[in-house]
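One chain, subunit A, links the two complexes that follow: it is found with subunit B in the first and with subunit C in the second.
Let's look at the complex of A and B:
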């Protein structure tokens, strides 16, 4: 009982109880400025955090008004200073939160909670730069930065309507991170919006560093290796998704925006598919899907065939395959594991090192280790080709998160190939597919156009039909307004094409 | 008691009726065609397949009438019908008999497929290992409900398209003169062949268990008929191709003629492509096993509503693994398949029409009583 009492007493240690308590706590904080301003007519206490507030702005635009002879009380200050969104409050929670956002607090008496809060936030961040991770050859290059306001600005520029809305939430017991849920009212499904907001509100966390961290916490199945959201650094992609009826989440301090809900096909669609003519875009998509299939099972099929199913090797391949295999003393399984391990090491080393060094590592690893291991007889050069191709295919995936998944699922496949041969691969595939059928993203089915089958949504999945045929928003989002434009009118307006023979 | 209507989140789309019917009917029977009919009807086996196909459609019509008549009284599945018509105890006994048939189906499938994989793909495969793996996957799918099973059966249909397209490779080897002379057998022989053919279609009757899960039963019925029609066309194809591909003497000695057909398959990069094709049979196994397990767990839950369905599922899966492992030799598997065919046709062609009559009679008596 004794312990319980103490606990209750220390229930909310983060929140200061009174203004004087707050000042006392901040006494030893070096960048906290707290002084008494003595004007001719008016005395007041000014407090702000130097590193967060824009001091220059305060000196230029706020403090002169405190000297004015028209000012006699806090209410006068509020009237005189020409700044919008000033707050007059006695609420300690607001005062503390605003102080740490960079606002300036003006009090008439040091110990009284009656405060005027003046916005003086210093906006300083990275310039908007080219996107580094999701690069595209054609199309916009802007990428998000760490400031949520700048990011919303980038999106809003592309959606100039009042229906574009965002709801602000604050999560994190200590960090109180600002989370913005972006959507277009009337297009996005209300249930989806509510689900996302509800899940964000229900989070019990201390801090929130990045948007992807939030995504991991609010996704439907935390144990699934398949990502159930898209994180992007491209504002054009976010705007496109919002127009489609999706929801985006932007977090203060994160250069990634989340797009929810997501279906599996979208991970294999690069955004610049929309900037290419449709037969080419379709061909690239099919190429990518093939690459993903190849990448996940190529090495395991090698293991299965060489361990159990020799009959499957075509006659004309047997001589070359067996000359390269005879030098290798290990079982195919070990051989493949060694090689996959090597590739993963190279990738990880390349990712952690600075770009230039990373490239060198790639070349050194790829050429030197690859050639040397074949000559030393650790692996066969046939396998080297397969592994290199499958690694290459895994990197084709436009989404980095999905690329890691694709690389990861190789290992269960290899293991099952070693255990049960081709049947093992088949069963492993079955397990993954039954998992995918079960999976949802914000309650929407994950492999949507495939199952539940929506023929209408197939126009932008494996294939991408011309843009003037994409007159309906994806069905799986259950959008508020399913029509993008009137297709009848669009086709009417298009110039009637006459055959040249008819002239 | 369970509620009368299924919440919309768990309902099946009408088109699932097609995929479920199709996958349940095919089971493992497509591998055997036309072998079961050859003894009776020889080259006229295709007539038997045709007759039994239409008979199946007729029975399906009866079944749908039976289920639709139940609508005013509660849930439209066989469990509720039995309980309503025969009272709690007798109804439960009948339910358990039907569930025994479903369990038989489940065990037949597991046995047949583990045998196929042992013979064609992986000789070291132990039946125990295989059935345990399949049952774990099944448990995982069944936990997600009937919608996931519908998804798997849809994917099964999708994956089977290339498999059946591989019949194109047999074209150079077909001798259609094998099919001549047509109508060379007596009517009784044809009828016997149709009886053998009727066994091939078994599985469609399981709709009596999951019918209330269709949100729009009217459209689902049409899709179910289409499912039967599709499998009939497929069976007809297989029978004709099978008869034209091999002589009757060879056919009577082949256990799985479909595998012989697949041997003509040739694709680049691989020899013996029929082994790769065998991989797809995992897909024909799993939706059926899932449906059976789901039905059994539901039935047990219907009789003992106090316990959780999850525990029933584990029990059913363990039981099916044990039963599958107890059948070792090929002859035993053949026998249990025959038993399944016999009981299945008895239930479909005798019991369900009788039940339909009884239901009608019951209704009339009640009406008179009220008047």
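Let's look at the complex of A and C:
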């Protein structure tokens, strides 16, 4: 067996050794076109992959030049065809890679490595559409698509300066997926850029399907349930992050862009906060933070109080709690687990089913299971309210990844509430806090404005102060240029305003 | 290896987590305790547990079986000093009795005269019971008060008592609960007090204040004098004073502000001089016809002030005669006197020269004119 394994490896490496080897391998591939062109003055071999190359374009703009009487050699072809970025090479790695990107290869002799590579990539993909996952009521609606070029185009439109740069890397032993690291030179921290690039380069993977997969692989702590990178499908959010001094990663074939480094507060900030007046935006952020706190501990506090701390129940709540509890045969712990399990089932079923069926699931879950389980005495109706509210609160999180984390966090809390009551909840909370304090995102502290405490950065976290007060970029990014604008001038201009009524 | 240790550590809470639970619907929550003195050191103790059978059926739509929510309402029995009634009655309860959500403790007058030392000290040491529970002396039997079924209200009796006391402390009654009582009980140069309640027919009523020396009931202040007591005891608002004018007419004043300041002279002398100066702002709530008008406001306030002064000085003289100091005059003198002579204070207290300076300001007389 060992022997056989080695033999296969030797016989069939991914990289073809020579041009003729490559052609031989592609012999039985149906969409591989390989023919000899016999013109009056010039003979050559043309090869491309029909499904990847833009055939119409080849017929219209490339092949006519091969018939031209001015063409006698490959060098003449290169001179005559008015296409940019043609490559003439003998490097087998480039030839093979380009062929599979949709380039056309022209040779004078079939068995010689000397090739002219002409770009003829067929661009076929989804149109740019409205964002569907990170929806916002006001603000831009465009969302990323599966083409990296289109995505970079969307970002570049918003950052029209030469300092906006991106570095291309190719990862995946077989897939050679194109990964672009986007940043603004001078604003983004150089260490951050290097860390990201090095981590991507060091990856040992066969293929890379999506940016979120990359995010999991390059995160600081793979075992943490907290996402250490923001993934977004909104180009405006990426542009905003780049202006802030962050780095973005875009992958060919993925409609998600990564933004890094990230701090925990950003997961709870919706991007439309920036489009609202600051008191309202602040109120919404605080609402969201409250919802997250509520969502993660509400059911465990229910367990703790009903199991151990009956003293804490307000007097007027005791009768209604008592009467709804007496019909339930289980301990509060089991009751909560049953209910949480139901909600998770509903959510998972709703996420996997097509939209129209998903609505039915909502109705089935909400009305049938909810009401019926209370009437059957499986859960108390008081708990039903708590669970429904905490599920709603978890969905309020703008970031899907964080929403799943918040939902997951409940279970250790519930377990510790059952074991030790409120003391257990606080111990569990302590464990999470100490984990968060240790956590980093590409080496930058994850819960930055809270610990280490940076009062300056607080103005765009729990609260969002007016935009003319946001004159400094976040401290934890260590940006190359920390000042956004001159705050003195910003305030000076704001003060000039005079009432027209006085004149 | 690391993972093995982790799993072993995880097993510790799972295997050793045997904290006794008290699930809400599997405990009997004792909400009130009553103590009656039988003589010879024997006490009749009564505990009350709220019963939630009302409205329980709204939940039991699933089957024909009756909900099991109804609980016993009260238990009582003879015990030697009333210590920990919950433990004594455990054998009679269908579930575990817990005292964590205690609302009231009441004592009958006989026990209060005998002394509350035992009941207070064990309650003070019990970490399960909140110290903010209402306490009261009952004129009559506590067992009868707690177990009677002829009340107009369906509110559990312990809450009824607590709400009544709390509601009254926002008006004419001084703040009272177990914590305040123990503060005065253990504090030097002050004496504790608690409200005096009585069951009259189908309802309860506040009868005034029961005053204690140490743990023994000495005397009571009637309900009608509560305004005078409270204005000397603490600053407050929303109290009301029914002033009987010499002409036989009534004026009811509701105060929006009342503050008291004590001035002490000769604190270590044979008869220390204590002057209480009070500022009271109030509005006329009710008045007999033709007693108030905007012009006569100043004369009205003079009359009310004189009446208050007369009553206050009379009350303090009475307290001095009985040797109880619920107004904490002793503590006030101590705080204003350097090298206070505490040992002789008890002898000097009855000789203390107390006087009042009251300034009443009537800020509104109503739409009378």
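Definition applied: the second predicted complex is superposed on the first by the 484 of 503 C-alpha atoms of A that agree within 3 Å, B and C clash if a C-alpha of one lies under 4 Å from a C-alpha of the other, contacts with A are read in each partner's own complex, and residues count from 1 in each chain.
The definition used in the following text is that contacts are C-beta pairs under 8 Å (C-beta built on N, C-alpha and C of every residue); 3 or more make two chains touch, one makes a residue touch a chain.
For clarity, every value in this text was computed on a predicted model and none was experimentally measured.
Undergrad: Considering only the touch criterion stated at the top, classify A:322 as touching first (subunit B), second (subunit C), both, or neither.
TA: Second partner only, subunit C.
Undergrad: Answer with first, second, both or neither: which of subunit B and subunit C does A:420 touch in the superposed model?
TA: Once the two structures are laid over each other on A, A:420 reaches both partners.
Undergrad: In the overlaid three-chain picture, which partner chain does A:376 touch, first (subunit B) or second (subunit C), both, or neither?
TA: Only subunit C is touched by A:376; subunit B is not.
Undergrad: Using the touch definition from the top, say if A:332 reaches subunit B (first), subunit C (second), both or neither.
TA: The answer is second: A:332 touches subunit C but not subunit B.
Undergrad: Of the two partner chains, subunit B (first) and subunit C (second), which one does A:434 touch, if any: first, second, both, or neither?
TA: In the superposed model, A:434 contacts subunit B only, not subunit C.
Undergrad: Which partner does A:307 contact after superposing on A: first (subunit B), second (subunit C), both, neither?
TA: Second partner only.
Undergrad: Shared contact residues on subunit A for subunit B and subunit C?
TA: 308, 311, 313, 315, 420-421
Undergrad: What does subunit A use to touch subunit B in their complex?
TA: Listed in rising order, the residues are 308-309, 311-315, 420-423, 425-427, 430-431, 433-435, 437-438, 450-453.
Undergrad: Which subunit B residues qualify as touching subunit A in the complex?
TA: Interface residues on subunit B, with respect to subunit A: 13, 15, 117, 121-122, 125, 133-134, 137, 140-141, 144, 148, 150-152, 154-155, 268-272, 275-276, 279-280, 282-283, 286.
Undergrad: Where on subunit C does subunit A make contact in their complex?
TA: 13-14, 17, 19, 21-25, 27, 29, 50, 52, 54-56, 58-63, 67-69, 98, 100-101, 103, 128, 130, 159
Undergrad: Once bound in the complex, which stretches of subunit A touch subunit C?
TA: By the definition above, subunit A touches subunit C via 306-308, 310-311, 313, 315, 318-328, 331-332, 374-377, 380-381, 416, 418-421.
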